[in-house]
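Listed below are the structures to be examined.
Heads up, the next two complexes both have chain A, just with different partners, chain B and then chain C.
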Partner chain A sequence: MDENIRYMFHPRSIAIIGASNKLWKVGHAVIANVLYGDCLRRDRHLGYKGKIYPVNPNEDVIFNLPAYPSILAIPDEVDLAVIAVPARAVPGVIEECGKKGVKAAIIISAGFGETGEEGRRVEEAMVKTARGYGMRILGPNCLGIYSLYEDLNTTFARAMPARGPISFISQSGAFCASVIQYSLEEHFGFSNFVSIGNKSDIDDADIIEYYATDENTKCVAMYIEALKNARKFLKVAREVCKKMPIVALKSGRTEIGRNAAKSHTGSIAGNDIAYEAMFRQTGIYRARTMSELFDAARALAYQPPPSLDGGIAIVTNSGGPGVVATDAASDLGLPLAKLSEQTINELNRVCPPEWSHRNPVDILGDASPDRYAESIRVLLEAKEVSGLIVITAPQAMTDPETLAKRIVEAARGTHKPVIASFVGMISSPAENYVETQGIPEMSFPEDAVFGMHALVHRARILRREEIWQE
Partner chain B sequence: MAGIEASEVFGKVLAEGRTVLSLDEARSVLESIGIKFNAYGFAGNLEEAIQLSRKIGYPVAMKIVSPDIIHKTEVGGVKLYLQSELDIVHAYEQMMENVRKLMPNARVLGVSVEEMLRGTELVIGVTRDEQFGPMLMFGLGGIWVEIYKDVSFRIIPLERVDAWEMIHEIKGIEIIEGARGFEPVNKKKVVDYIMKVSSFVEKHQEIEEMDINPLMGIRGDLYAIDARIILRGREEQK
Partner chain C sequence: MDENIRYMFHPRSIAIIGASNKLWKVGHAVIANVLYGDCLRRDRHLGYKGKIYPVNPNEDVIFNLPAYPSILAIPDEVDLAVIAVPARAVPGVIEECGKKGVKAAIIISAGFGETGEEGRRVEEAMVKTARGYGMRILGPNCLGIYSLYEDLNTTFARAMPARGPISFISQSGAFCASVIQYSLEEHFGFSNFVSIGNKSDIDDADIIEYYATDENTKCVAMYIEALKNARKFLKVAREVCKKMPIVALKSGRTEIGRNAAKSHTGSIAGNDIAYEAMFRQTGIYRARTMSELFDAARALAYQPPPSLDGGIAIVTNSGGPGVVATDAASDLGLPLAKLSEQTINELNRVCPPEWSHRNPVDILGDASPDRYAESIRVLLEAKEVSGLIVITAPQAMTDPETLAKRIVEAARGTHKPVIASFVGMISSPAENYVETQGIPEMSFPEDAVFGMHALVHRARILRREEIWQE
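Right, the complex of A and B next:
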């Protein structure tokens, strides 16, 4: 692991080159985000606490901070430079950053490799300069990074995600902004967030290698259009997956999708057969849609992998969603638990006689928070159950918030994974509560099943050598 | 030792301006890394063909050997499942007559005689991806690969777990495991072969593509019947 990459996420001081007082400039949004975390909130407590040096030869003061004409004029060491100046000025700035002894530079500016051969040459020349000084480059043509446990936002996006156990890499800047919005709605958080841009120097492998050493990260999520150094990634990802789960969405799976990817971020998408092989070989869990990516990431980040000996139990207060979940499990090849006689007897004690008497465990439409809690306890203690999906359809007799509290209580202390689905209750207080207590909640039952499948996959990856022992 | 031999063969092929190895060349290269082939030999005349067949054991296949005949089947130059000395005599005479009629100017050197094996047909192949480099393919071979494309891929170099996983990934795993009267294939041996090919290709970056097809699973062992190795042209190798 390159220590300079650690400095990028944990800088002691930052220079923002191209910082500006002019509201519509990228450099304005960047310095506001560094200062306030979320540029719209103007609360210094939410922002980066280290030293901040705006650089702009045409300004004296930016956001009450003295501005410097060049990075070389800063009377202090600078760990990280964030560059938001026009493309033609960037190579000069990189040279100065190198001279200054900067550890890493994030080039937000666009107009390089993605524009063609000439841009690619400029990019290569900058990387060469940086290497000469031992400096690393992220980008160009990226949104920037978030290092949430430093309250650091170097992007020009308009939001700040919550802290949490997921670290994300995206090849698309726009995707980043959307994902943050979604994470705020769904109450999951990030440790780190990287918009990786053209990958002129720092590539996907470098970032995941760092993530694997980050104490706050429990799961890596990736959006990939095309890898830059595919074989290096294969090797690094295989090692990382031994320590930490990775889930990835690779776009351009189809021919039509791939043609679209060619013009995006200046990279050529690889053959999907090779990517599929790579995912299987490394142990990366592959998502095929944006919602799958985060359903899997949330499950992997917040819940433990199950034992491979038992099966999954589904508890529900209605037949329909239970059947939908069962179908989804069968499609994915997710084994369902066959309830033992003992478990059935114990459920008989806590449920009315009409309960389903098998998995999915339908505890009936009038299921109270107590009945849910008792059934959950029975199932989590059952030997044949390795993980539990709790499905709730809203009905008039049960207060969802009380139910949410009882579910969380009942699931507390178990070493088995639990995923909930409060079907249709999007952004309700009940859903919010469950999520903030570390139980991933999915809006639809099949998504909860997908999350559970990611956990079973993880369990298999961790026991790979043992499973195939000769 | 094995590596040197392969390099020599590849060098000779490229020096002759070819990129495709003959079956004989592919066979010797793969045998040098420990891949077994069915028994096989060359006979310059009928008497030799009879003796060779007896040594190999029936049934055998007989094929015309001529530098001028590429499409052997089309000139009646391939005879399969020959069960006895009488079959050999008939097949040999018929083959020579066919060739005399259809390609009177062809130089005929003799015939090849090979052991005919019936077993579970597998395939191990190699292809290249622009970004990931050489990839290894495993699946049900013979005609199955053409029709069902029931194959799995891994990027070279593989680890043994990759080989185990890719074998279990194909839909026909039950056939390999001996469902419905199929003879079970020795999976550990398949893993060994996959690993041999993986390290061979890793060592020889001049290999563009390879097919060992069919690879016959029979009596707990594996025998390659046919193999194709295609090299990258000199310019393509960096």
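Right, the complex of A and C next:
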């Protein structure tokens, strides 16, 4: 791994080239984000704690910090440069960054390879310059990065995701803003967040190689339109997958999708069959939609993979959603647990006689928080159960928040994965509580099943590795 | 159509048999719901405005209404009886309802056909009794019904959905509560809502036959585990589909799902291939997941089917979600519009030169509400465009609420379908505004594409009918 990339995520000092006092300039949003974490909440100093050097020849002071006419004028070492100046000025800035000994430069500015042949040439020349100085480049044409455990937001987006175990790479900048919004509403968090842009130098392989070394990262999630160097990626991803799960949404799956991708990032999306083969070979879990990407990432980041010896149990207070979940499990080939006689006897002790006596475990419409908690404990202790999906439909007789608390208590300390679905609830306190306690919650049972399937897939990949090593 | 079923949805008077002053009794929740609409919000008299007769031999007054010892003691005609007494008392009550000349009885009580052979015999005997009196039975073992335009809630669920154009049938009672919760958060509404229970007498076919005559209903949505009389359903659904769209989630698609369904409602789910054929023959749009069911229903209820002469356009401020939507469209065989030279010229007038110049119409990350509005107008006026998907990713420079207002304005008055996706947003004011203005909004682009596909399917069904009539 290139240590320069580690410096990009953990810089001791940052120069923001193009920082500005002018509202609505990209360089204004960037420096505000670096300083405050979230540029719209300047009441809080929750931003980056290292040294910050604004660079702008037309300003003396920016946000109470002295502004420098060029990076070369900064009387200190600079680890990271974030560049938000017009495209024509970027090559000169890169030359100066190189001279200054900058370790990595994030070029936010657009107007390079994505515009055609001429832009591509300028981009290549910049990379050559940077290489001469041993400097790495992220972008151009990107939103920037978040390094959440450094409280570092180098983007011009308006929101800050929460800290958490997912590290993300996106080839679409706009996608990032959507994902952050979604993560805040669904209560999941990130360690790192990279808008990868044109990949002139640093590419997906470089980033995931770093993620694999990051102690806060439990799962890598990727939005890919096209890989630039598939062979390099294959080799690196193969190694990363041994250490941590990767889930990827590769768009341009279809021919018209590929044409749209070409128009978007100028990248040739390539034959989907080749991508499919690569995902299988490396062990990357493939999502087919945006919601699948995050259902899988949340499961993989917050829950352990199940043992492959047992099957998944579904506990529910309502038959319909249980049947729907069973269909989804069958579609995905998710192994369902066959309850042992012992488990059935123990459930008989905690449930009324009408309970389903099989998996899905329907503990009936009047199931109290206590009955849920006791049934969950029985199932998590059962040998034949390797993971649990907890489905609850709202009931007039049950307070959802009490139920949420009892579910979390009952699942505490288990080494088996647990995923919940408070069916039809989108943003209730009950749901939020479960999510903030580390149990992924999905609004519909099928999505919970998908999340569990990602975990079973992970267990299979780990088993494959073991066999290969024997 | 049986007029008795119309009376069930539009009764002039209701007897609640088993009404109770005792909190947490089912009959208590039912009478509170009938009176107040939502039993938990008794500050408001938003319930049923017709005559209400509580029946309970052990009470004199229930909720300030005189209670009668039996339905026969009520000095007035009774159109609808809602029955929430222990199972063993139900057959006697049915006999009395018949004598009283009740037109329809909703049996909420459980403990009949779903429990086995003996229960099934009791159920059949009750239906025979009812038939002798010309009375219809809904249930037993159901949650009840909502007739929203009568402000009538005969269920024991804790929430009241909003009025709107969808009429729903569910074979799972618990499913109903989830669906209501979801509808309230996603701002769609219902005309009628039926938990169909054991279908001892009134079945899915009877209900959809009534829905087809209901002026408020624009779309029928169904959750089915198994049909009892498939031939009757086929015949009725075939006719209903000529008048309005039906979308159905049939669970027990898979073998293990079928076993789970059998355990849940005691019904034999039957071969899925036969159901698939029936859906195709009747023109029912099949959803495969809970979220698909409501994505399709919302589209079909709130938007018109597109002309089949053109294709669908996608307008977006971000390439990634545009590519993802294009993949989804291709998966479903959704026809995408090829922009004419005239349309491209008009978009050139309202967009910067870097716009994508093709469909998906990427109007760029800095797209203002004005640019959205102008592009939407151009696309909705273009001959080659038969429907529009509006995708927006959050942008620091754009206020989402202003954007939402401009999108709604620009789409006003068109006869072409419009579906929106505020990507990643789950419950923001912008999204809520668009939804309350009748434009279905989905959190992810793929779901918006699915909704549009349901509309194209509807257009194809209508075209098929035309051809058959020629």
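Note that in this section the second predicted complex is superposed on the first by the 462 of 470 C-alpha atoms of A that agree within 3 Å, B and C clash if a C-alpha of one lies under 4 Å from a C-alpha of the other, contacts with A are read in each partner's own complex, and residues count from 1 in each chain.
By definition in this document, contacts are C-beta pairs under 8 Å (C-beta built on N, C-alpha and C of every residue); 3 or more make two chains touch, one makes a residue touch a chain.
Here the structure is a predicted model, which means the values were calculated and not measured.
When the two complexes are overlaid on their common chain A, residue A:P394 makes contact with chain C while staying clear of chain B. Once the two structures are superposed, chain B and chain C can be ranked by residues of chain A touched, with C on top. By the touch criterion stated above, A:S318 is placed in contact with chain C alone, chain B being left untouched. Of the two partner chains placed by superposition, only chain C is touched by A:E225; chain B is not. Within the superposed three-chain model, A:M278 lies in touch with chain B and out of touch with chain C [touch as defined at top]. By the touch criterion defined above, A:G365 reaches chain C but does not reach chain B.
Overlap of the chain B and chain C interfaces on chain A: none, as no residue is touched by both.
Only residues 24, 29, 39, 115, 156-159, 170-175, 177-182, 185-186, 223, 225, 249, 251-257, 259-261, 263-265, 289-291, 317-324, 326-331, 336, 354, 356-358, 360, 362, 365, 393-397, 423-428, 443-447 of chain C touch chain A when the two sit together in their complex. Remark: chain A residues 226-227, 230-231, 234, 268, 270-271, 273-274, 276-278, 280-281, 464-465, 468, 470 touch chain B in the complex. Of all residues in chain B, those touching chain A in their complex are 129-133, 135, 152-155, 158, 160-162, 164-166, 169, 188, 191.
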